[in-house]
Every structure is written in structure tokens, then in C-alpha cells.
Amino acid sequence: MTKKLKLIALSSAASMIALSAAAQDPVSLTVVSWGGAYTESQQRAYHEPYMAANPHVTIINDDGSANALAGLRAQSQAGNVTWDLVDMLPSDAQLACDEGIILEIDHDAMLAPAPDGTPASEDFLPGSLGDCFIPQIVYSTILAVRPGAFEGEQPDSIADLFDLENFPGKRALQDRPGTNLEWALYADGVAPEDIYDVLATPEGVDRAFAKLDTIKDEIIFWTEGAQAPQLLADGEVAFATGYNGRMFNAIEVEGMDAAIVWDGQIVEWDGWVVPAGGPNVDAVMDYLRFATDTQRLADQAKFISYGPARASSAALVGQHADLGIDMAPHMPTAPANYYSPIVLDNDFWADYGDELRERFANWMLQ
Amino acid sequence: MSLPAYYTTKDKVWHYAFRVICFAIFFFLLAPILIMIPLSFNAQPYFTFTREMLTLNPEGYSLRWYQDFLGDDGWMRSIRNSFLIGIAATILSTTLGTLAALGLSRAEMPAKGLIMGILISPMIVPLIISAAGMFFFFSQINIAQTFLGVVIAHAALGTPFVVITVTATLVGFDQSLTRAAANLGASPTTNFFKITMPLILPGVISGALFAFITSFDEIVVVLFVAGVEQRTIPREMWSGIREDISPTILAVATILVLISIALLTVVELLRRRGERLRGLSPQ
Amino acid sequence: MAPSDASDTPTAIGNETDSKGRLLTSDGRPLRAALQRANRRRKLTALGLVAPLLAFILIFFAYPIVQMMWRSVDNPAVVEALPRTLAALEEWDGNDLPGEEVYRALYEDMLADEELPRAEQKMGPLAVRLNYEISAARSAIVRTARNVDEMEAPYKEAFLDAHRLWNDPTIWRIIEREGRPLTASYYVAAVDREYNAEGEIVQAPENRQIYVALFGRTFMMSVVITFMTFALGFPIAYYLSTLPMSKANLLMIAVLLPFWTSLLVRTSAWIVLLQGQGVINDMLVALGVIDDENRLTMIYNQTGTIIAMTHILLPFMVLPLYSVMKTIPPSYTRAAKSLGATPWTAFRRVYFPQTLPGIAAGGVLVFIISIGYYITPALVGGQDGRMISNEIARHIQSSLNWGLAAALGTMLLVSVLILYWLFNKLVGTDSLKFG
């Protein structure tokens, strides 16, 4: 109770500061994110409470995150930055940071400490902070299966994705090398911790593609996060890889008949970056302080099953806002789910991404 | 229909077979568009006819997808944007295009072929290339992700149609009419509005309609140049198809088909009126 | 503004002539000069009418495209980031690792860059640029640059410690090769070639060859679509041309309605019809033609793209065919028949040759539109229905290799312009009519 009071006090203090600082001039913030259920969760957990406390601020959602780096580069080259805040992956954030097109973040000075006073840099999960990157969530790419597709034994591992003999049918995979090459090696017997070492060698890449070749004829590729559950729901595929939050939404909220396989889940962060030279940097910083505090991150988990990126938020994760089910077991980081995770290596993809993307594009077209 | 008496059996079979083939092709052209109309009243979130629909059970039908569409801020904004951008782009391209057509149809016009080539190039260059070029250039001059940017882009894409239709009207245009008017003391402005304009009006209007539909239907440039506040109907449909394709798309599609029928009717009436006015009776 | 030719025309009166016998106008000027002046003025009026649109198109359409094409050869990253290194590399033999002076120059370049304001630093773009040529160049540059202020002489050793790539002569060859303001490397990549260690252009390894095959496929699909529109368009255009005007106008609606209907609407219509749980599969299952487990895959592949694009482009074939066929007098065919030709011969030898201008117009039109098509392949093409436009869009939006996108775009544009030029030679733009 006292904790809660303290939080309310904190957040209202934050909004008071905002009120006095912004002097009531109407501000419109363009927030770029991933669209669909994900933007919806941000809308309800961050935007709506913030706008309620700051009536002069309007937040406009743009679902351009899939092409965020292209947009940032074009806007920055042109010296005309129209985006205020962008939700992006840490690998892209690192590139943008190296190119100087997004702002460097002093996490302790700019972000709220945990309720117990732990500074932000220690409260966010280890390894999640980037020079320009403020993590929001831990998400994972997982495999989902339509139970109706098989009689008897159900698939329960990544190896089963590559097992056409026992589990025939179409598979929906994302149309990029990331996650697919890791899984191919994992299914081929490489231990999760060795995957990137193997993938850094030409033989390792050949091995991964050879493994993918075995199921190539059965693959349908998807591009946007929402397509994967759609393909499962339409019965177009038996397996689909996808983001765990989208799958949760499709299964629990929309009642899709599918099961999540947590084996070999590929874990990654996702978070905010602030474009350099944006029109409303001060207003954005105020919003960010609010939207990345302990309570807000825990709140987001009420709407979508992504794990909050702050250690102090974990205890506050409660029940789904509409369904009333416990969210903790649906988090990728729940112990029952986190038994064989592969942690996505952004440095690897920054270095080898250009070459592997070309090769993957070639492979898809063959 | 009676066939000529000298037709052999083979001729007759071929005569009817040919008609069957032709109507099959007309069916191929129309059926996909028309089939969406009943499906948009589906009570279930499926893209196919349910048992209730086939048995004409009223419970199989509903207006829920239309309610979805009308109650959605994103769709409503996209309608406003589509008309706003379409009308602005049409005014711009019709004005510029009509003037240019008047110039181009003068015998004294130098370098006609080259200029015509440049002016209709927006129609020839693949859209992805136009869109990519505009994406980079509009960012530099600060009109990317603005209404102005999208209007300019769409006006550029629409002008070739105006130039072509108005030029075509001017082919049958009798220049002695304007000369006669001038001799009788009409000022150039009076001359234009009293003589030229009424005669080329059908061409101008159908050019304008082409320019409007070009903008109204355009998506590639919008994908590259527009921001979230300039989303048009095709842009919303693009997201809808790629993300979660729900029958709301079909409701929108049905409304768009009705709009195209209206536009088609107007163009057809104009064409006939134009032919009558220029004394070119349909053969 | 308005056509006012009459007022410009000099009024020549009667037989007035000057001393040299030249005709004079009523105000005494030589008629020839006055006519020329009037002519010039009319020319200027005509130009003035065209000028606003011409300027508009040149600024907002032609210039952006030229600028985009420029990106396919523009190569500022290395020149701007590493001036000292490039100067030092001039002495290098190009075989083994370069000497200490080159590494020192690289150190100085990185140090100088560090001192610039962040937005002007050049190492980020350099890392992006070089990573297209060799994997891991990104981390070699970014990580080394980050710690460059702690580096001490001898620099060669320090660099070799900092990242393995500095120990590889390949990266130095690339820096030397790309150290010019213009590059051919995007075009080299766009035709599936690459540079070998000797700097020669050779075939890329098979698993990285994409674009030649993709251009080939785009071409093939466009040929198939053009042929399909011809096969479907010819009979109905012929049928329409034989009907009396009122009936033809009525049936013409079947052609014009798709033409006027939104592209997105037509594409979604085909998704509705062709998908696994769609109308056609449902019908086939209900009729017992196929069973529920073996529904046909007709969409998200090449088949779906070809069907949908044939439907979308069919009007572009029918309209020019119809306008040509309407002008062919039926008496020719009748004459041939009365002279003893069979209907087939009459059609083949007399009628068909007269429709060739229409076929050429429709065919080139459909073909030009097909090879640059983007939306329909993106929505229903899956992987094997992708076309070159989709790859250009991918490089602009997600892989961010804008130079390569520009090179591919330029190649596509040049092919379209060549086709258009052929089209003009064959039939002339006048046959472009709408509605």
C-alpha cells in the first residue's frame, strides 16, 4: 500500500513538473512503434495515463517501426526530423547510435529510479541498456503450433519444426535470416551458447542453410508481426514462428487454437530511442521518464505478455487487464518457459547481417 | 439472335462457343469484384460464404463490418485524407495540365515531342522508382510526411492523364472559332472562358477525373512519402491486408466499388457529350 | 493565356511594298519580319503555357529520380572519413598488410573524427558502407574508433590487437578501391558480380546470386502476364467490336469497371477468392473435387501473382485492341470469304494483320506496367512471386542499402525507357487512350 502511495506521489510529481515546464502549450508527439496489439498495449499502459495527466499533450501512433532505421536515416540526412520517439530493436538502435542520428541517453539522470531508490542503470536488467537505447520489454520469438494439425503426439521442440516425417504441413517463418539460422543450427544439435560461434564460420552458415533446405518446400514466409498468428488462425499453416506477445494475444484474447513451444525461444530486448534533432525533445524526455518507470513497465504486461525490462517491475506484474488471468506464467522469462533460451546476439547481426541477409534473400528466391 | 442461313453446323457451333468463351472472360473480369459485395455482409469473420448465407438466412448477414468501418477513427481519417489529397492534387494537376495541353496543341510549339515525353513520363516510370526518388528528395526539402508533399506527388502522377485527354479534345478543336471571336472583339480572357473552355470542358473534366482516381487509388508513393497523419484509404487497406485481414476490408471495398461505378458513369456521359459537341457521332 | 492567334497576326493590306519590293504591313513594316515576330511571340505564348507544368514535373518528378540514380554511383563515405589513410595507401603495394605509416594515418583519421560534433562524425557511415563489401567491417571500425584515444604507437600492432579484420589485406584493398568519390560496386553487385583479391570483377558465389535471376523472372512473369491478357483480351475485344454500339457500350462496363476500381480492392478480391480457406477452395471442397486436406495453394506464390495481375492489367490490353478493331471494316474479311477463303484463312491472312497495331500497343503497355509492378506481388506474391520492384523496396526500407537500390532502380528504369521508346517507334503515343 505504502509502495503504491509512493508511486502515485512520484508520478504525480513527475506530471506536475511536466505541467510547469511545458507551460501548457499544446504538444503533439509522434510515437513510432510496431502497430497492432503491441501499440495497443503502449496506448493503454503509457499514452492514455500520460495524456490524462498532461492534457496539453497529444500522442499520435505511427506503426513504422519495421522500417524505423530507414526513416531515421532519411529524416536525419534531410535535417527534417518529424518523429519524436521511436520503438526499435537494440541492434538497429546501436547502428543509429553509431551514426549519431539518435540521442545518447544518460540513464540515471533521465530516467526514474526504482521505487526503492535503486538508480535506473542498476534497475534495468543486466545487458539491456544501450548508449542510446532505453529498454522497455523482453520479448521472445517462439514457435506456435496448431494442435488440430496433428493427431496423437504434439510437437514440443524446435527439432520438431524441422521434422517433416512426423509433423508434416506448412510452416510460417519470418522472411529474414535472424532467428531462422539460429534455429536451424539448434535443431541440428548445436548448443544454444555455441550458435553464434558456429554461425560466424562459412561452414556454420552452410550447415544452417542446409538444414533450412530440408523444410524449404513447406515454408510460407511472413513479414509483419501480425501475419504469423493470422496464418495459424486461418489454418494456412501447422507451425508458425512469431513474437510471443502476439501469439499470447491471439490465443488468450482472440481464442485462437494454438500452443506455444518455449524450447529454443530467442530472447531479445525492445525499447525506445529518441531521434536527434526532433521537434519536441523536452516533452519527449518528460514522457519517457513517466513511461519507463517501474509501474508503467509493469502495467504494460497487463495488456501483452512481454516481460518488463526493469527488475523492480517483476513483482508488480499482475493480471491481464481484460481477462483477469495471471500474466506471470506467460512471460518469456518465467522459469517454466526459460529452460533453453537463445539470447539474440546483436553484435553478431550488426557485423554479419548485410552478408547473411543477401544470402537469405537469395535462398528464399531459389 | 438469328444466324445467317448459309452458316454450316460447324459455323454455328463455333459461333456459340465463341460467345460462351467471351462471356466466361467477362465473368472473370467482373466476378471477383462483385463477389465481395455479398461477402461484406457476412455475420461471421470469414472470407467465404457461410451455410446461413447460402440458405439466405437473415442471421447469416449483418452490417457489423460497416459499423466497424464507420466507427474506426483510422478509417474515417483515411477517408478525409483521401478526398482532401485527391481534390487538392486534382486542382493542381488539372490547372497545370490544361494550360500545358493548350500550349502543346499549338502548331508553333517547339520541341513538342521532347516536352510531351517529359510531361507524360510520370505515367511511364515505374511507381517504385518515382516513390523512391520522392522519398529522398521530399525529405531534403522538408515536405516528406506532409500533406503538401503527398499532394505534389499525386499531382505529378496525375498530370499526364490531363495532358493526354485535353490534348485529344483539342485535336478536333476548330481554331477558327477563337480567331473569329477575337476578330469580333473578344478579349483573350473572354475568348478562353466563352469559346475554348466550353468546348474542351468534357476533356478537362474527364482528365480531372483521371487525375482524381490516380490520387485516390495511389499507394506506392503514399507508402514512401506519407506519414501517419496523411494515411489514405489504400494505405489503410494495405495495412489491413498485411496485418489482420478482416471483412472490414470488404466493406471498404464495396464502398469503393460503388464510388468507381459513379465515376465511371460520369466519365462515360462526358465522353458521349464530348463526341456530340465536336460533331463526332459514334460510329 | 487564351488562344488569341488573331490579334497576333499582322494584317497585310493590299499591295503596299517598300523600295526593295518587299510586302509591307499597314504600319509600314516589312511583312516578313512582322510575320516572324508574330510567330516568335506565338511560340513564346505556347511555351509560356507549357512552362508551369514543365517546371513542376522537372523539379518534383524528374530531378528526384535523377538524384536517386546518382546514389548508385555516389560514394562519399571513405573519401570523407579517411583522407589521411587514403593518402598513405598510395604507397602500398596491394599485397601484404600495409606498413606502420598507413595504420598511423588511420589512427589520425579516427582521432580527428572523434573531435567532430557527433552529427558530423564520419565513422558511422563509413562502417555502414564498408560492411556492404565485407562482413564485420562494421565492428572493426566502430569498436576501434570508440577506443582510439587510448591507442599508442606502434599503431600497426595496436590495430591488429583491436580487431581481426585489420590483419586482413582484403579490407585495405576495399578501402583503397572505394576511396574514390564514384563507385561501380553497386552495379557490380546488381549484376551478381564481385571483386576478387586481385581487384578483378568475377561471378559472385552461387548462393549470393540474386538479381540477374530476379530480373529474368520479372521479365518472364511479365511475358506470361502479357500473353495471358492478350489471350483473354483478344476474343472479347473482337466480340465487342462486332456488336452494335449500344450493346458494346453496355458490355464495355465489364472492362471499365475493373479499370476504375481501386487496385487494393482488386487485389483483396483475389485474396478472398484464392486463399486456402477462400471461396474457390471452399467450392471445390463442397463439390468434392478436392478433399479438405488437399486444398489448392493458389496464392502467396507465382500463380496468385500472375492471376491477379492478369485480371488487373486486362483492361489495358482490351481498350487499345478494341479501338483498333473498331476501325477495321468488316468488308475485307467478307471479301476474302467470298473469294473462297475459309473463315480461318480469312481471319489469319486478312483480319489479324490489321489488328497488329492494337496488339503492339496493348502488349507493350501491359508489359511496361508489369515489369515495374510492386503492390500486387508484395501482397499476394509470397516468395516466388516477388519481382524486382519488391527487392528495390526492400533495399530502401529494410536492408537500407540505398546505393544498391538505386543501381537496381536505374537498371529497371532504363529497361522501361527502352521499351517505351520501342513502343513509340511501333505505334506512337497517340494510341494511349483511356476510358
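Letters A, B and C mark the chains as written, and numbering starts fresh at 1 in each.
One rule holds in what follows: contacts are C-beta pairs under 8 Å (C-beta built on N, C-alpha and C of every residue); 3 or more make two chains touch, one makes a residue touch a chain.
From a predicted model like this one, the values you see are computed outputs, not experimental measurements.
Greatest centre-to-centre distance from subunit C is found for A, with centres as Cα means. When chain pairs are compared by their number of contacting C-beta pairs, B-C comes first.
Averaged Cα coordinates give subunit B a centre that lies 22 Å from the centre of subunit C. Work out the mean CA point of subunit A and of subunit B, and you get 41 Å between them. Averaging C-alpha coordinates per chain places the centre of subunit A 35 Å away from that of subunit C. Residue positions of subunit A touching 2 or more other chains: there are none. Shared contact sites, meaning residues of subunit B that touch two or more other chains, fall at 135-136, 242, 245. Residue positions of subunit C with contacts to 2 or more other chains are 275, 277, 396.
Contact residues on subunit A toward subunit B in their complex (touch as defined above): 30, 35-36, 60-64, 74-75, 77-80, 82, 223-224, 226-227, 230.
Residue ranges on subunit C touching subunit B, taken from their complex, read 1-7, 39, 42-43, 45-50, 52-54, 56-58, 60-68, 71, 232, 235-236, 239, 245, 249, 251, 253-258, 260-273, 275, 277-279, 282, 311, 314-315, 326, 343, 368, 371-375, 379, 389, 392-393, 396, 402, 405-406, 409, 412-413, 416-417, 420, 429, 432-435. Those residues of subunit A whose C-beta lies close enough to touch subunit C in the complex are 66-67, 69-70, 73, 76, 95, 98-101, 104, 175, 209, 220-221, 234-236, 276-277, 347, 350-352, 354-355, 357-359, 361-365.
Chain contact summary for the complex, subunit B toward subunit A: residues 135-136, 139-142, 144-145, 227-229, 239, 242-245. Residues 118-121, 123-125, 127-128, 131-132, 135-139, 142, 207-210, 213-214, 217, 275-277, 300, 382-384, 386, 391, 394, 396-401 of subunit C touch subunit A in their complex.
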